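In what follows, structures are represented as structure tokens.
Shared chain: chain A. Partners: chain B in the first complex, chain C in the second.
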Partner chain A sequence: MIAYLPQALVSGFLMGLIYSLVSVGLTIIWGVMDIINFAHGDFLMLAMFIAFWFYTLFGFDPLVSIPLAAIGIFLLASITYRLLIKRILKESLLTTLLATFGLALFLRNSAQFLWRADYRTILNPVLQGSFSVAGIYVSIPKLVGALISVITVTLVYVFMKKTRIGRAIQAVSMDREAALLMGINADRIYNITFGIGGACVGIAGALLANFYPVSPQAGIFFVIIAFTCVALGGFGSILGSLIAGVIIGIVESVGGVLIGPAFKYAIGFLIYLLVVLIRPKGLFGW
Partner chain B sequence: MVTMQRGQLGYGLWGRAPWVGLLAIVIMLPLIIQRPFFHHVMIMLALYATMGEAWNLVGGYLGYVSFGHAVFFGIGAYTTAVLFANFNVNPWAGMVIGGLVAVGAAAIIAYPCFRFGLRGHYFAIATMAFGEIVRVLFLNWPYVGGATGFMVPLHKDSFALLQFHQSKLPYYYIALAMAVATLVIMKLIIDSKLGYYLRAIREDEEAAECLGVPTSLVKHVAFYISAFIVALAGALYGQYQLYFDPPMVFDLMVSVNMVLITLFGGRGTIAGPLLGAAIFVPLREYTRAWLGGGGRGLDYMILGLLLMVIVVSQPKGVLGFLERIVRRKAYEKG
Partner chain C sequence: MYRFGLVLAVLMAFSLSGLAEETIRFGAIYPLTGPIADTGQRCKWAVETALEIINNPHPEIDLPLAASAGLPNLGGAKMVAVFADHKANPELGKAEAERLITEENVVALVGCYNSAVTKPASYVAERYGIPFVCGASSSAALTERGLKYFFRIAVTDAMDAKHFFECLNELKEVKGYEIETFAVVYENTEFGQHAAEQTRYWGEHFGYKCVADVPYPFGATDVTSEVLRLKAANPDVVFHATLLSDYILFVRTYKELNYVPKAVFSFCGGFQDPKSIERLGADANYFCGSQIMPPELIPKIPVLNKVNELYKERAGADIDGVTLEIFEAVIVLADAINRAGTTDPEAVVEALRATNIVTDLNIGGGIRFDEKGQNILAKAAVTQVIDGEYRTVLPLSVATTEMIWPIPPWNER
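Take a look at the complex of A and B:
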């Protein structure tokens, strides 16, 4: 069993970086707008389907679909903001939770209605196979996925810190009224924030389509993982969700080896519970 | 103050007579319409009304949104069935024991959450995480059948053993009795000192604490009452279905259904969950029967759409909507 540990560490680390990318989208929305987007996982699922259909219909490799998925989900998120989120921003916690939950149900079951519940895979992507270093197998699609995730998360971080829009987003999240008085259009900022959150998860979806089965139910697992990462990393903290994603990825995979793969999922939750009880604001929350 | 709103207690709006009439209707209706599927819908309605009322005590009156009540539902079902199958414990006794076990489970999540002051999103997601952990544990626990689920041993029709195979009606009347008892208990709680404490905590926990409300004790008591009642409903559900597996009783959707029903009707009101169940359960069961064939998910698609529309247009639920109409009528009359 111990022999599998290095392997579990490497796999968990790579998968964890992809979790980070999924969580970053959620953490930005959560931190800036105080909205839990239950439909986040279903945005991911739709991105996976975008990659799948472009591959099946037009022969586009998932790598090529990455920008397409990012733009597609950005637009979907933006529409969601205008039609749904905007109207419930001032409502209670339960209202916002249920609105996004309704959206999640709608998207998931629409996908199931249109494309059936079957698991599909992209049969022959450019990224496939694995190589071994010192007896540890490294999956190529996971490695590339992890790299692109790190690059994307870094870009989002730089965007938030350096650009005018990024600073405006931070300003609105700190004090909406003050930001409004400074001439920031909060409505537009929220729209962009929701869109960026969607774009992140869009990229993650296209990356996952390389090696993860595409199905209407695929989002549920990831949204719950993302909740855990966001809570662990701190709401709204990009750096936090990067590190939390890696921690969850490793713990899940090492825990799976030590306790049994069936409990992987429960271990992530247990960690979440412990963290949120001891440090409710997460590791890097403000 | 919100606590003194009109119609808050349900009775204020319509008086007592309609409730008696309603009870007469729900007693008579399944005798008139003899179709088994209709009886199934009515049983689920009564069960979900019970669960909605119980959830409402915590989610509506106390203001702590729980996404983990499926745990209590499942524990009720499993405890009763396992005790009956393996230890020959009478299901009625098993039901009460199941309720007590659920209270124990509730303590496991409630104690740390309240001790460390989790509220809002944090409480909601923590209870959700708890629910998912318990689901995975039951899914991988061979003693209770794991993923293959659990079968209740069959016996001849008997009230004492809570099994009826000839007709669904006995299940319905037991579920109805449970729902009515829950409504009465909720009404008593809400009008009691505990009820005022609950609402005081919802409005402002710190202020309530300062005024001498034993906030910690009140939160625990409310959570345990809620868990106990949901477990009773779960036990009855298990006996009614005679077979269940973790996805049926521990799924996140079971918790969410309780939330939906309460929100549909209007949370923080006695009539709300009842009304919510009366709309939601037939809607779900009939759309499932008519449109859900082949696992296409059309039923949940419509449900999701409806949920968004209701949340956006009527955040106070159907009851809030009705109340507004009644108030407008009263205003127009002068």
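Take a look at the complex of A and C:
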């Protein structure tokens, strides 16, 4: 069993970086707006379908669809903000929770109505297969997915820290009233934040479509993992969810090999529980 | 005027009840919407195909009740299905069974595809003393409950497990292959756990050694650690109890980690769905699984071919193992009611128990129930995907193609 630990470590690390990208979208929405977006997994599912349909109808490889999925889900998230989130921002946490939960059900069932409950795959993407280094197999779609995840997360981080809009987003997230007094248009900031969260998960969806079966149910498990990463990394912390994603990915695959695959998610959730007990704001939360 | 209306109403009620005597209503509960709506729709087409054959003269088809229109012993009464939707939800299946029996006054039930739904729904039928004929639910536990009104057509996972090892014995004895160890990979659900339990039992019974037992969560995001466990244990044969989405993920992960055992056998699940070949392309090749009706047999068996034509008119696709079992459930029920000559549940159950249909429709050669209500003639063949087609490879007596053994490594294909 020990002989396969390096393999588990590498596979878990790559998958973990993809979890990170799914989580980053969730964490910035949560951190800035205090909204738990239950529809996040269904945004991911729709992004996978965007990649799938562009491949099936026009022959676009998922790599080409990445910007399309990012823009598509950015727009969808922005529309969601205008039509739904904006109206309930001031309501209680439960209201926002139920509203996004309702949206999740609506999106999932609409997808099922339109495209059936079927599982589909992208049969011959550019990124496929694996190569071997010192007996360790590295999946090409997961490697490229992990690289793009790191690049995207870095860009979002730089955007937040270095640009005017990014700094405005941080300002709103820290103190909305004060930011309003400084002339920051909080409504616009929220809209952009929601859109960026959507774009991140859009990219993740297009990357996943390379190797994961596409179906209306596809987002459910990923979003549970993303919630864990966000809480583990600290609400609103981009760096936190990057690291938490990697931790969960590695724990899942190494734990699965050492202890047993039946427990692999349980181990991740256990670590999450321990962190929440010892450090409730998460590893990098403030 | 009021009196006239009353008379009219009474007259209409009489004429309606007169009509009702000529039709026999039975309930058909399937997942018509929800996560497996696709399958539910196929079940509905199968029921409709059976009704077409029962209610209209089809002398060209060699099946009970095909030649006549309706049930001859009940004055040519027509069978009518009252469909209900359980959305793959056991609670809903139970409620719908209750509604069909108490409000729709059906004389029998067929369904429900998912073992987990068939279980509570058939308890309801038992409570009301209504016959329940189950087509395609494969959990062996269903016929181990001592129910009096429950009958099942399908091959169970227990029968499949035993059959797999008998086939391995055959490969050892006839072909001289070395097979000693096995592993079982299964989703952590009633279906998976039961199939795994039966695999371990029959494996040890026949003297094989189980070197890895790998349960995984249904709908997993990644199965690397599962496959690494297999790789470390290095079994000769791997058994899978896996539904379609996980099946796709497993095959792709096998490829990613460049791993294959000598053979992979799948229980009822993702492998049998022809979509698995479509979705996996060339990667689907060389995997094996049980199949009660390998598609390549359709053109070769006249009765199957004719039934398939009628099914295809509705579904636009060939009939498969699951839909064939669901089709047979309706034929069996109609045949029993006809032989009973009445819809009285006790008489129908007696007739079901005495069912003895001899047909080439399935490779078991017919349908006959034991005292538990299980079809003792249920039988599956083992098919292997070769060049993107299911080929019957085991048992050797029915094989159409030589089995490819061992599975060639991914990097040598």
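By our rule, the second predicted complex is superposed on the first by the 286 of 286 C-alpha atoms of A that agree within 3 Å, B and C clash if a C-alpha of one lies under 4 Å from a C-alpha of the other, contacts with A are read in each partner's own complex, and residues count from 1 in each chain.
The working rule: contacts are C-beta pairs under 8 Å (C-beta built on N, C-alpha and C of every residue); 3 or more make two chains touch, one makes a residue touch a chain.
Just so we're clear, the structure is a prediction, and the values are computed from it rather than from any experiment.
In the superposed model, A:S215 lies in contact with chain C only, and not with chain B. In the superposed pair of complexes, A:Q112 makes contact with chain B and with chain C alike. Residue contacts after overlaying the shared chain place A:P67 against neither chain B nor chain C. With both structures placed on the common chain, the touch criterion links A:P261 to chain C but leaves chain B unconnected. When the two complexes are overlaid on their common chain A, residue A:G12 makes contact with chain C while staying clear of chain B.
Using the contact criterion defined above for the overlaid structures, shared-chain residue A:T121 touches chain C, although it does not reach chain B. Contacts of A:A99 after superposition: chain B is touched, whereas chain C is not reached.
With both structures placed on the common chain, the touch criterion links A:S130 to chain C but leaves chain B unconnected. Residue overlap on chain A between the chain B contacts of one complex and the chain C contacts of the other covers 112, 116-117, 260, 262, 265.
Residue ranges on chain A touching chain C, taken from their complex, read 1, 3-4, 7-8, 11-12, 15, 112, 116-121, 123-124, 129-130, 132, 137, 139, 142, 211-213, 215, 217, 220-222, 225, 252-257, 260-262, 264-265. Here chain B touches chain A in the complex through residues 59, 65, 112-113, 116-118, 120-122, 124-126, 128-130, 132-133, 136-137, 139-140, 256, 259-260, 263, 267, 295-301, 303-308, 311-312, 315, going by the rule given at the top. Interface residues of chain C, counted against chain A in their complex, comprise 34-38, 188, 214-217, 219-226, 228-229, 231-232, 244-245, 248-249, 252, 255-258, 275, 279-281. Residues of chain A that touch chain B in their complex: 34, 36, 84, 87-88, 91-95, 97-99, 101-110, 112-113, 116-117, 216, 224, 227-228, 231, 260, 262-263, 265-266, 269-270, 272-273, 276-278, 280.
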